[in-house]
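A, B and C are the chain letters, set down in written order, and residue numbers restart from 1 in every chain.
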Amino acid sequence: MKLRDIASLVNGEVTGPPEADNLEITGVSGISSAREGDITFLSSERYRKYLPACTASCILVRKPIEGLRMAQLMVSNPQLAFAKLLGHFYIEPVKPLGISEHAIVSDKAIIGKDVSIFPFSYISDNVSVGNGTIIYPHVFIGQDTVIGEDCVIHSNVTLREKVKIGSRVIVHPGSVIGSDGFGYVFDEGKHHKIPQVGGVIVEDDVEIGSNVSIDRATTGNTTIGAGTKIDNLVQIAHNVTIGRNSLIIAQVGIAGSTEIGDYVTLGGQVGIVDHVRIESGTMIGAQSGVAGNLIKGIYSGSPVMPHRDWLKAQAVFARLPELHKKIRELEEKIKELERRDQPA
Amino acid sequence: MKLRDIASLVNGEVTGPPEADNLEITGVSGISSAREGDITFLSSERYRKYLPACTASCILVRKPIEGLRMAQLMVSNPQLAFAKLLGHFYIEPVKPLGISEHAIVSDKAIIGKDVSIFPFSYISDNVSVGNGTIIYPHVFIGQDTVIGEDCVIHSNVTLREKVKIGSRVIVHPGSVIGSDGFGYVFDEGKHHKIPQVGGVIVEDDVEIGSNVSIDRATTGNTTIGAGTKIDNLVQIAHNVTIGRNSLIIAQVGIAGSTEIGDYVTLGGQVGIVDHVRIESGTMIGAQSGVAGNLIKGIYSGSPVMPHRDWLKAQAVFARLPELHKKIRELEEKIKELERRDQPA
Amino acid sequence: MKLRDIASLVNGEVTGPPEADNLEITGVSGISSAREGDITFLSSERYRKYLPACTASCILVRKPIEGLRMAQLMVSNPQLAFAKLLGHFYIEPVKPLGISEHAIVSDKAIIGKDVSIFPFSYISDNVSVGNGTIIYPHVFIGQDTVIGEDCVIHSNVTLREKVKIGSRVIVHPGSVIGSDGFGYVFDEGKHHKIPQVGGVIVEDDVEIGSNVSIDRATTGNTTIGAGTKIDNLVQIAHNVTIGRNSLIIAQVGIAGSTEIGDYVTLGGQVGIVDHVRIESGTMIGAQSGVAGNLIKGIYSGSPVMPHRDWLKAQAVFARLPELHKKIRELEEKIKELERRDQPA
């Protein structure tokens, strides 16, 4: 594909050596592994060091970088252009496979057009699968569960009964949606199970990583808002509500009935207690612990505090042994001063 | 169902508007989503705010709440009554399906009465499955594994060889019981695998969440005591022993050979090192880290300290920058005092 | 098996009661559960207390332990000898099962000799499976994925497309290799997916625990070096590189593009941010958080600091309330001194 055609695809402008427009682009690659024929992109400033030795034919940039020999393609959002080109070069259009004879699909299930249902998947009564959806092998779908259009449900996924999945949702392998919430009543020395009879709603354009656990509600629904993206190994407890377009990084745990707003970012391994509310737009640093409601802001620490305060407190933490010593010295000096101060 | 019949089911007493006994109850729901016809329950004090607008027909209470228009049903444990009613209204009795012709069950396996074995499950030689147990699709059960009566083994679960599961045990989707413990000997620059030839014992009435990992013992057994409940994404290493009726919240990790007593509660994301002992009745706060034996108590922090001490230390932590400044001021003042104190 | 034959198997020397060479050894067991006929081993100094009451017939030791009645078998590495004997006594040689008629194996897949492919596994086009490899039930293997010789792929594992697995690799149940990395571009209020078109390389002799998530690279490869061992529920993001013979303990999370050297040990629940580099030989304590590059050393804390410094700072942390009080007392004393110091 000629660079000029790529420029037109991503709405960009070519600069660089003469005849750059005519360059043949054969692949898309990250800066550290790009080779001749590739178009590349600086995903992190830390990678600028790879530029001098990089033999890629072209780089996506917002503004031209001085002193580069390779062609440059100026676009308003280089990462977005990079994503578009990856899709263009490497993602083959889906050819629907239909329903495998080795799958088990209930007569009472409603299956849309152009679906692919792989062998060894099991689809229960009254399930609905929308047009264009792909269901890989070893997927279990429980009764009355509804899946929208153009979804991808990867292998070994479990969607239990009464789960509602929107359209263009991706669920990566090994994830579980609709397992029972962790609810017990303690009585006479034992934990008695509280039946978990609610459901789960996953709205449009949600992506759920691998080995994620999302529990069904006790009553009502656990809800994941449209456009929210969930990384691997995340725990979402019963009756949690997550808003739209939030990012939940790997290994986060959110306890029961907690409400997360829109455009919230939870860093890796963050833990949030039950029954609290995190306002839209909040960002929480990796490994933080949240034990109460949070208004919009940037937070870190376990328990969390405003990120700037945490940075300052953490800086002093590292110097605690030194401060401790200083306090002992001050004590000595004061004792000395007090002694001198005594009337003779 | 008439409220009077519900009262008799949960051993409660109706108060409220005249004719309340005759109210028709058609559902059970949490306070924020309950509607007319529902019986509800205040699961958290934080939800009291929903009471005025709640249109439920009846609420389960320990003592009457003043000023409510809806009927009230007094019981000794409202949450227990709520659990009972959820089961009564929403859980259908199990109709055993028998053994699917699409499952593979060894001729040498012993299968009880009234079992349900779904398609695509695989049951190895010498496995025993007790009466009334349900095995969902895509379950793998290894040789010599024994499962008791009335268990539910959800989809995509792996129970490897020589695992013993008691009765009334529930295992949620994606969990793995009996994977090899993480044991190696370092010799001549390499990690050599220590064969993990022990087993796992899961006693009666245990519930195990989704995507949980419980490793088999090196020799002997990893043991989960009767009535213990384990949440999602928990890691239990080889040779761990957990007592009876403990609660292990999501994403906890317990390292090898550690012993946890009875009625222990481990908060979410707690980590416990290997070869330590946690006494019965101990409670450990979320995200805490345990590096040594613990006598009965309430603990928090990483590493843990008694919870009260941790609260106090944590309160000072937030003020460290301020304390740091104060120490510098004190230093200045003392220098000034020392200067003045010098003989002229 | 006579003790003298065991001695010759592990290259050891028998001491102890007369005729010890002739003892019949019938099993191998840990110190707390060993019985007559067993050979045992002290896996932890904490277990020395079990020695007096232990009825094992023989113990593996580096140097003779005084005052023991049981026979002793001196070897240069008792744990290594223990591992060897466990394998010798309990691990049966594999009998290849061939390809189950209940598995689905593409005509375009290349399957080696002496393989075992269990029922309900699904092997896509252009997959290659090396000699002697075992694939348990419910395994999904995507297109173009290559698996070496003598691997064990446990049940419910997903290996997506274009994954390269070396030889003698073990993957425990429920793990996922090759799921999409967590990559999005934010534009006009939405997160747009960056196609993840790279692969994963898992080199020889790697062991991967249960319910582990290893994401494929955006472009290029996520790489796990030869001999590295990964425990359960670990998260490895796209484009991460792990060197050789490292140990990654349970529930660790490693963010995108981070590079881990050789012989690195990451304690349980450690979190590491994206785009950093951890030098070979580094050890990081459980629950630590890494936010920048690390040169070889031992680290703890979140964020990490050198382990010794962390121990000292943590010791002062516990005493913060006391220090706080002391600072207030010092302030009072200084005020008093200042007052006295005022000219009358």
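Here is the rule we use: a residue touches a chain if its C-beta (ideal position, glycine included) is under 8 Å from a C-beta of that chain, and two chains touch if they have at least 3 such contacts.
Everything numeric here is computed off the predicted structure, so don't read it as measured data.
Because chain B and chain C share one sequence, their contact can be compared position by position; here under half of the interface residue numbers appear on both sides. Rounded to a multiple of 5, the C-alpha superposition of chain A onto chain C involves a rotation of 120 degrees. With centres taken as mean Cα positions, chain C sits 25 Å from chain B. Those residues of chain C in touch with two or more other chains are numbered 120, 138, 156, 174, 211, 233, 251, 269, 287, 302, 317, 319-320, 323, 327, 330, 334, 337, 341.
If you check the complex, the residues on chain A that touch chain B are 104, 120, 122, 138, 140, 156-158, 160, 174-176, 179-180, 182-185, 187, 189-195, 197, 211-213, 215, 218-220, 233, 235, 237, 239, 251, 253, 255, 257, 269, 271, 273, 275, 287, 289, 291, 302-303, 305, 309, 312-313, 315-317, 319-320, 323, 326-327, 330, 333-334, 337, 340-341. Of all residues in chain A, those touching chain C in their complex are 28-30, 32-33, 43-44, 46, 77, 79-80, 82-83, 86-87, 89-91, 102, 118-120, 136-138, 154-156, 170, 172-174, 205, 207, 209-211, 227, 229, 231-233, 245, 247, 249-251, 268-269, 286-287, 302, 314, 317-321, 323-324, 327, 330-331, 334, 337-338, 341.
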